[in-house]
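Would you mind keeping the following structure in view while I ask a few things?
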């Protein structure tokens, strides 16, 4: 029998972490002894526990500690992280440590060094006493990569007990919640993130335009609530189609009828912008006079339009190489405090993969399965609101700007 | 070879009826010759065609005519309807004619007699020169029942070309329509039905309360827009739960958090009303001071609460025998010009089964499958709006009453 | 400040109960001191804790204990349960205790008396030293009813760590699981329940017939796997429609095409059975020769057909009064060890409301929202499998009977 | 008033084309006179009509003819197509004609010239008497592009009346169809396309692996039923994850439990393949011994893996530039007679955009909304089967290969 001692601290009972720790030990055939156990008496007080972990052999002990480490446990006698050099570009050494989306520290020398760029499913590269996450494809020959989970410490986000939207809602979407009240909570979360001087990133699918939420989103951009917009070709095309012809996918947004010949409208929108050279040029030349893209350009709000295989055109600003698009998104996500995902599963999952678990995430979709998929992919912090984005956005605008604000 | 001559008249091309007539003849192995063919030149002008139908034998000719008759075709040489007497209560004679939900006439003597009470899947009973639909279970010994489809004429509703909501929308629900615009169209359809002095029947599920649409619906009841309310025990219980405790299924509608002990609230609501003896008494005694049921009772709007096997309690007004509940609904549907179905599949299908195809029907549900099921059950006139009833109802109220109207 | 001492025992850490206990105390403003704390070292060993609970006043202490009691906590100095007499039939006294779906004991004299008939949202009636649950509507004048939560003890089911289907699956349905493997697990769960001599209750919706799962379900009935069948009029009608005409809702099950005239088939099926007087008679007279209802009748498997407002006919065996139908279901559920819910939300929720939380429940539906709704209504023990019942049932039959078994 | 004469021929009544022609004329304010009208008497006989179209002015006449032309109408006095030269690469001249997904001819000189590469939303380039579709982004300076709809003729596919799966099913997905029967129909459609020496293209999402349909699909590839595979990084990664570790997204496919550490498995799969240099190399080196990708490589079945912004890695064969991926797909689609879309909306819509309307398309998804979206995007020929791909594929394999075939 071999053993080690580890400690855990934080809202480990509230957050169910302790339960998962016991579960993991038992499932993997270990035993434990509680050495110290102190339960936080109030909402803000942390709990703390120190335990002895016993296992049959080193291999088993290591496997268990690897799981516990992912739950935030740290061995009290820390070994330094182990590193191996990359010998083939874009390929990690065997036994590479793959990151979670939780904040992470690597033990180097006598210090816990924070890993820059919290992002799940990445590799940790250590260089000159600093550590950072690197996507596998960007590993370069000679990079020193952390292997195994020795000397790794992570911090799980705690479900706060303060009265914000992220506390009262379980993450599972239900369509049986008072929607107007939820909109008010989202508005408050947005005000909070602006008060903390963090960025609000909006990820939007074309349904924002089709369902008539476009003007409300544009107003939020213009009024400074949106700091970054992520979308695909389709959102921008249909947004511009409305600006040019009043239709989205050929459906008149004011009358809700189909235009004869309307099937061509999105191609005309694309062709018009391509002729101008860029969306920015089409706005500057006065062709595109309103809408989401117009608001971004005139208000200087950066956007990333990522390409997909179903794109027509595409618009000039669309990044057709998806790995480049990922890089652009990663960069734009810096300083982000809240992500609002609007009716787009693909982009939402992509963003969910890139953001740390402490970045609050709200996913609004008429289909409850979208939230479930997002959670299945590891974005456990996301909360879902099952509603119609075409009514949600105008209501959100009214909450933030007043009923007249965005008209 | 045997033959007959039939005629068709109306918007038979627009409404795709002619295509289905040709299809039916060919599918069933008949032949035809066009004797006369006149196409309406304008939106309001009817088309007319007279054809000779040829088939191998009488049996085949009859089978084809039975299908054509359901599409509105009438033989030019009409035989009288055949009738057989009921010999066992609640059981129809063999070969009974089962009704569609289209307006129907029976040929008796030299006249086309209109069948009272258009309702699908019923039996036609003829009595003293009059004809009426009767549900199978209500047939009485001695009733004279129409058998086969001889001497039956039906009138298919025509998709009008006027600019109302029922024209521009195909019946298939999509969540990619401009929702605010659609709300405007529904408001107009409601105003139109009131202008025609017809009833608006609202069928509502408990999600109306859970999602926060309750006050808006209550306002529409108070302001005279709703003439009849159909619901189940659950809607009424949760509506009264809000009135008594501010929660729905234990969730606070203003704060969206779960009340400790809130799981008991719906039982307390039921018990309170049972103690008073009825919802009406609870309203009169001042216990229930707002909400949908309060509005119905104080404004004299009739309601039918139909029981289901999942009911707790139930509330005193709930009709626990489903056949009795059906009768109460049938009676309340008289004079109905528009049905608005809100987030309830069971009650919507039940009502869909009872209304004639010319009664306009709007089904609002966050789940597009609800509309599909309604259509699959024969309510082809229904149009679906895929949205969140918790935002839809407040918006509809604002459209009808002005933004201040229901506050 | 007032205080009390309570204890908790069981898999309180695994089952997250401890976390919820701490959460409840803090949320409601109490304080606590841990007097004893013993953690089960293995999968089968129980944990135990004894704590002092401190609150501002008696009212608060009581409110907190009421919540803790629902989590399985018991005060070490137990007071007897309080009782009040019913003075109005069908109405509970104020402050009535409403039951959970967990096993419950009432403290009477010096004993913990087990409450017969575990069912949620019921009232506890004590009579002659015995306690039983009673639905509110059945309370009679003079019944002695438990009020407040004093002297109540409940036992939360523990998520077992043994290798059955109920452990490995979280309760949330996902369509991204290996379906064939899950079918094998369900088959094993069915074999287990039969080995324990408990009943398998199947709750089935009409989609079982429409999607072609009928023959497989009939085989499971015939081979003794199904002990009770719950359904509505629609399942039985369409099952008999197939037996008589080969169609379900007019769609040919072998060819998948629509029969001309097929819309009448379900009415013919109903009328035929009504003429015979009952389904049983129609089977005995040789009219209905196969299918689910045939299997129930020829194998002596009891069934309850509960009425709903959308029913045509209905068939003679359908119980049209929903409260009577509930009683019939309650009775049939005695001795049930496993419920298999197949594509029917209404009946599933109804059954979910009636069964104790220790009765294992599997809900199979192509729509993941059905499981979510079931869980929202309190059936936390249910696990969901998102799949097509038309392929699931044949596969399950092959697993249980061998590939040839049900052909 | 100006006028022209046009003709229409084909199954114009069955296919509802005639109804739409009359509708379009009336909606756009034209008038018409029927000059000749001949209705096909049998399932195979075509109908024919010649009409005079009258409108107020040339502009209106042209607008109406443009709509009619999309319905297959051809003016009897044909003018040649008009062409304009491209002056800016990737930008079409104003009034460019945008293609439908129907077979198209351009009138040049005295001939109707068939346009190569039927694909919707493209531009027609004429060069040396030949015409071909070109995506907007690939237009080059000097290309001669068809503008307006003069001299364009298209051929709408006719809904055949023969007994294949594409006739009996309406295109709207319903989960209430006999699934086993439908699988048989799909098997027959596959056999038919192989008999006609056309390609079967399979478009597959990762749910094929997660739900356990992987071995069945691999068997269909090995046995020569699949000619081309389209997928994304995720399908290939999870397929290879199963080959290497037995899990998909960390879930064991045989036991359906989550592997401890399983979240890393997909990264290990990606890293392993990247180290080998390609999927092909990983297969050849014996690392990947079974599954869908293994079957493609060992059987020489070409595949296109298109990148998306949510990709990890990606695998070496993934085409990260989406426009390049589109080109690869276009090329692979040549000679395709049937597309089978399995649980992937993004790739299905992409392929739907590229294939002519006469290529039969079957979309299998557990979510009925996927089919609706596909149809909304113009793939009107697609039929939907709402079922679980994890049970559908094994059943399909058994139908095609016999119950033992793919084991």
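Every chain is named by a letter (A, B, C and D) in the order it is written, and numbering of its residues begins at 1.
Everything below uses one rule, namely that a contact is a pair of C-beta atoms (placed from the backbone, for glycine too) under 8 Å apart; a residue touches a chain by one contact, two chains touch by 3 or more.
It should be emphasised that the depicted structure is a prediction, and the values quoted were computed from it without experimental measurement.
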{"item": "Most widely separated chain from chain A, with each centre as the mean of CA atoms", "value": "B"}
{"item": "Pair sharing more residue contacts (C-beta pairs) when A-B is set against B-D", "value": "A-B"}
{"item": "Geometric centre distance via CA averages, chain D-chain B, whole Å", "value": "38"}
{"item": "Separation of mean Cα positions, chain C and chain B [Å, integer]", "value": "33"}
{"item": "Mean-CA-position distance for chain B and chain A (Å)", "value": "45"}
{"item": "Residue numbers of chain C (touch at least two other chains)", "value": "27, 175-176, 249, 367, 369, 376"}
{"item": "Footprint of chain A on chain B - complex, ascending", "value": "168-169, 175-182, 185, 207, 210-212, 248-249, 251, 253-258, 366-367, 386-388, 390-392, 394-395, 403"}
{"item": "Complex contact set, residues of chain C against chain A", "value": "13-16, 18-19, 22-23, 26-27, 31-32, 34, 37, 39, 41-43, 161, 172, 174-176, 368-369, 372, 376"}
{"item": "Sites on chain B touched by chain C in the complex", "value": "24, 27-28, 63, 66-67, 88, 90-92, 96, 98, 121, 135-137, 249, 260-261, 263-264, 267, 270-271, 274-275, 306-314, 320-323, 325-326, 329, 346-347, 349-350, 353, 367, 369, 376, 378"}
